[in-house]
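See below for the structure under consideration.
First chain written, first letter: the chains are A, B, C and D, and each begins at residue 1.
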C-alpha cells in the first residue's frame, strides 16, 4: 500500500472518488464476477468453486475444487469451545440480531485465536521459497525439505516458541487434519508446503507427541493451492461462518434470554474497599 | 425464549453454567456434527451440504442440495454497491484486520439493508400457512395462492408499502432471480411459497414493471426448502461472506491507505459559526 | 428519513456526494464544534459539557451541566455482570485489540440489554406529551401526572408486561437511582417526566416492591433535560465506555490468555449421535 | 499474560470459572468502584474524574483532573474526515442501530488510524525510561532530553519513517495540540515526556515544518500523568465516542436512507470480461 501523504503545505488531499475493482461488474440487469455472468455461475458452480473464483480470479480445476471443498468443510464448526463461538452465543443471547452475534465472533480473532493459519502459511511459504525448489532435481527436493524441517524445529525450540499449526487443546491427533491429509494423498495434492508440514510433524510427533492440527494441515494445503498467506484468515472465516450462524441461532431459539457466563456468586472482588472521598 | 426473571426478592439468579448444544460433539480426537463424524463430512460433503446439515440438523437430499447450492452462490457478491461492502472496504482501508472489515460489513445489516429476505420469508410463510393447503385439492391450491397474491398486493398498495423481495435499485429484472427460478422449475423445486412469489410478481410486473429480486426469489425457494424465516439473514451472510472477504482483500492489496469517501472539499458545514463561550 | 427511491425505470441513483453536517467545521488549522473554536472548548468545558454540546447543539446552563454530569457518571460501570461487559472481557481475552473488545460489548445492546432506557424515555415522553401540561395550572399538573401513572401501571399489568426502567436483577432499590433522584430534588431538576417516573414508582413499590433502576431514573431526568429518546442508548454508551475500557484492559493485563466461559466438561451434547452417511 | 497451555497429554483444561476483578464490587443494593460507593461518586465526581478513577484505581488530584479533562475534550470530534466517523455514518445510514454504527467506527482503528497515540506513548516512555532521569540533576535533565530528541529524529530519518504524533493531514499547526500544551504550561503540567515531545517538535518544525498533532501532544501529557501506553487507544475511544454518537445520530436524523459513498457511475470495473464456463 502506497502512503498517500504527498508533500504539501497543509496536507490537502484530493481523494480518488472512483472505486476500482476487479471482482464484480454491475450494469443494469447484468452482473458478472471475475468476467463470468453470474447466471452461469449460479447454474454451474459449486459454492466452494465460487469462493475459489472470488478469491483467485479464476475457476479451479477439478483437483483444486475437490481439495478446496474439503478444506472449507473442515473449518465449519468446533462446537462451543472456541472463544469466537462463545462470544457469538453470548451476544446472541442478549437479543441483539444474528448479524451482531456473528460479527462479535469474528472480532475475537486476533493474536491468540485463528491467528495460526496465517502464521503457519507464512512460515511454510517463506521456507519453501527460500529453498528454490524449481532448480532442484526430484530427489533433492525431499532432502532439502527435510533439512529445512529440522532447521525450523530447532529454531523454534531454541526460542522456546511453538510452531503454528501443531498441537491442539483437546486433540492429540486432530481428526480433521488426519483426514484432510489422507484425502490429499489420495488426490495427489501433496505439494512442497504440505510435505514440509508433514516432515515437521514427524519430528514433533517423535520428540513431543505433537501433531498437525486443522490449521497447520490447511496451511500446507492452501499454500500448495497457491493462496497468499494473507487470505488465510478470510478462508477460515468463510468456512467457519456456517458454524457461527448455527450456534447463534441455537442460542436464540433454545436458550433462555440473557445468558451470563457468570453471576454474582462467580465474581470475586479483589480491589479496594471502603474508601471515602474527602472533600 | 423463557424469561428467566424468577420471582424473588432481589433477583438473585443461579445460572445454568452448562451449555447445552445439539450441533457438534467434541471429545478428545473426536468431532461429530449433527451426529456424523467430521472426517466423514470432510470426505463426502459439498460445502453447501455441510451448511444445510449445520442449519437443518440433517443431510439434504439430492434435489435440496442442488437448489441450496444455487441459492448460496447467488448471494456471493453484488460488487461495490451495497453499503455492507462499502463499509467493509472502508474499514479494510484503515489497516484494521480483515476480520474487522468483514465484521463491519455485517453490522450494517438492519432495517434497510439485508432485511428483505427475512421479511419476504415471513410474508410468504405466514400467507401459505393461512391457506391450509394440505387440505386442498391440486386445482384449488393454485386458485387459493392466486387469490392470496392479489390480497397481498392490494394490502400493500393500500398501505403505500413495498412488498419485500421485489424491485431493485439497478435491475429491472434481477438476472440472479430469473436464473434461480428457471433452475427451480427445471429441478421441480417450485413449491407453494415460490408459486405465491411468482404470482405476486406477475401482478406487480403488469401493474408497475417490478419483478422479483434475488432476496424475493430466494425467500420463496428457502421457504419451500423448509427454512425458518429467522435463518434468512444467516443464510444470506454465509453466502455473502466470500464477497466481503474478496472486497476487503482487494482493498488491502490494491489501494492506497486510508480511503476516505469524502475529504475537506466534499464536506458542507451547515451548523453554527463564530460563537463565544461567555464566562 | 426520506426514502430515496425516486421513481425511475431501473432505479439509477445519483447520490449526493457531499456530506452535510452541523457538528464540526474543519479548515486548515481551524476546528470548531457547534460554532465554538475547539481551543476554547478544550480550555473551558468539562467533558460532560462537551458531550452535551455535541448532542444538543448548545452549551448547557449550570443546572443542566451538573445533572448531566451526574447521569454520565451513574452509567460508568456495573461490574462484570452485564452481558456487554462479559462479551468485552471474552473478546479482550482472545488477544484481539481493545477496540474490538469494546466494540463487541456494544454489539450486545439490543432488545434485552440496554434497551430499557430508550423505551422508558419514549414511554415518559409520549405520556407527558399527551397530557398537554402547558395548558394546565400547577395543581392540575400533579393530578394529571398521577392519573397517567395509574393508567400506565394498569395498562402494563393487563398486558402482563413490565414497565421499562423499573426493577433490577440484583437491587431491590438501585442505589444509583436513589442518589440521582435525591440530587435532582436538591438541584430543582425534577420535571414532569421524572415526576411521572416517581409516581409510577410509588405505585409499583407499594404493589410489588419494585423501584426505579438507573435506566428509569435517567430516562426521566434526560427527558426533563430535553433529550430525544433516540439519543438514550447513545448517552448510555458514552457513560458506559470507560467501564468497558477498564474491564477489557484488566482482562488483558491480569488474566491468562484465552478465557473460556466453558470448557469440555461444561458442555452437554444433546444432539444426534452415530449417524452414517450412506452413499 | 501467562500462557495457560499446561503440559498434558491432550490439553484438557479446567478453567477457573470465577472472574476476579478489582474494578467494581456488586452486592444487592450496593455498588462500589475502586472502593468508593457509587452514590458518592455520582454526587462528587466529574465525568473525567470518574474515567481517571476507573483506569488508574485512584482519584486524580486537582491538577491531574484538570489536565485529564482537557485531554478528553480535545479528542471529542474531528468532523466527518476520519475513517472511523465515516464508517459510523455509513453504517448508521443503513438503518442498523446506533450501537452498530459506533461499534463499526471503533473497528476501523488499527495500524493506520488511531494507532499513533499508543506508538507515540511507547516511544516517549521508552525513551525517557532509558535516560534514568531520577538520578540526574535538574540542568542535566534538559540536556539529556535534548540529546535524546536529536537521536530519535535522526533514527527515524535514517529509516525514512515518520515519528508518531507529528504532522496532520489538514493542519500545519494542530490547534488542539497548541492549546493543550499552552494549558499544560500554565498548569505546571509539562513533565519529561512532554518536554521530549516539544524538543522533537522544535527540531521537526525547523527541518520540515512539522508540528505535534493532538495525538502526540496527548501522548506526552498522558505519559506524564502516568498512563500505561496500552491505555492510549482506550482513552482516545472514551474521548471520541461522543463525536461518533453525534455523527451517527445526525446521519440517522438528517439524511436520507442508504447513503452510499459511491454508486454505479463511480465504480470502474477493471477485471476480466466475457469469460465462458466451458464444461
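Methods note: a residue touches a chain if its C-beta (ideal position, glycine included) is under 8 Å from a C-beta of that chain, and two chains touch if they have at least 3 such contacts.
Just so it is clear, the model here is predicted, and its values are computed rather than measured.
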item: Interface residue identity across copies chain A, chain C - same or different by half; value: same
item: B-C or C-D, whichever has more C-beta pairs in contact; value: C-D
item: Chain B and chain C, separation of their C-alpha mean positions in angstrom; value: 29
item: Between chain A and chain C, centroid-to-centroid distance (C-alpha), Å; value: 37
item: Gap in Å, rounded to a whole number, between the CA centres of chain D and chain C; value: 24
item: Chain D, residues touching no fewer than two other chains; value: 10, 12-13, 17, 19-29, 41, 45, 79-81, 97, 100, 103-104, 107, 109-110, 170-172, 257-264, 267, 269
item: Parts of chain D lying in touch with chain A, wherever the complex brings them together; value: 5, 9-13, 17-27, 32, 34-36, 40-41, 44-45, 57, 59, 100, 107, 162, 167-172, 209, 262, 264, 266-277, 279
item: Footprint of chain B on chain D - complex, ascending; value: 10, 12, 17, 28-29, 79-81, 83-84, 86-87, 90-91, 93-97, 100-101, 103-104, 107-113, 115, 170, 257-264, 267, 269
item: Residue ranges of chain C touching chain D (in the complex, touch as defined); value: 1-4, 12-15, 17, 19-31, 33, 37-39, 41-43, 45-48, 50-51, 54-55, 69-70, 72-74, 76-81, 89, 97-100, 102-104, 106-107, 109-110, 114, 170-176, 178-180, 183, 230-231, 233-235, 237-239, 241-243, 245-250, 252-265
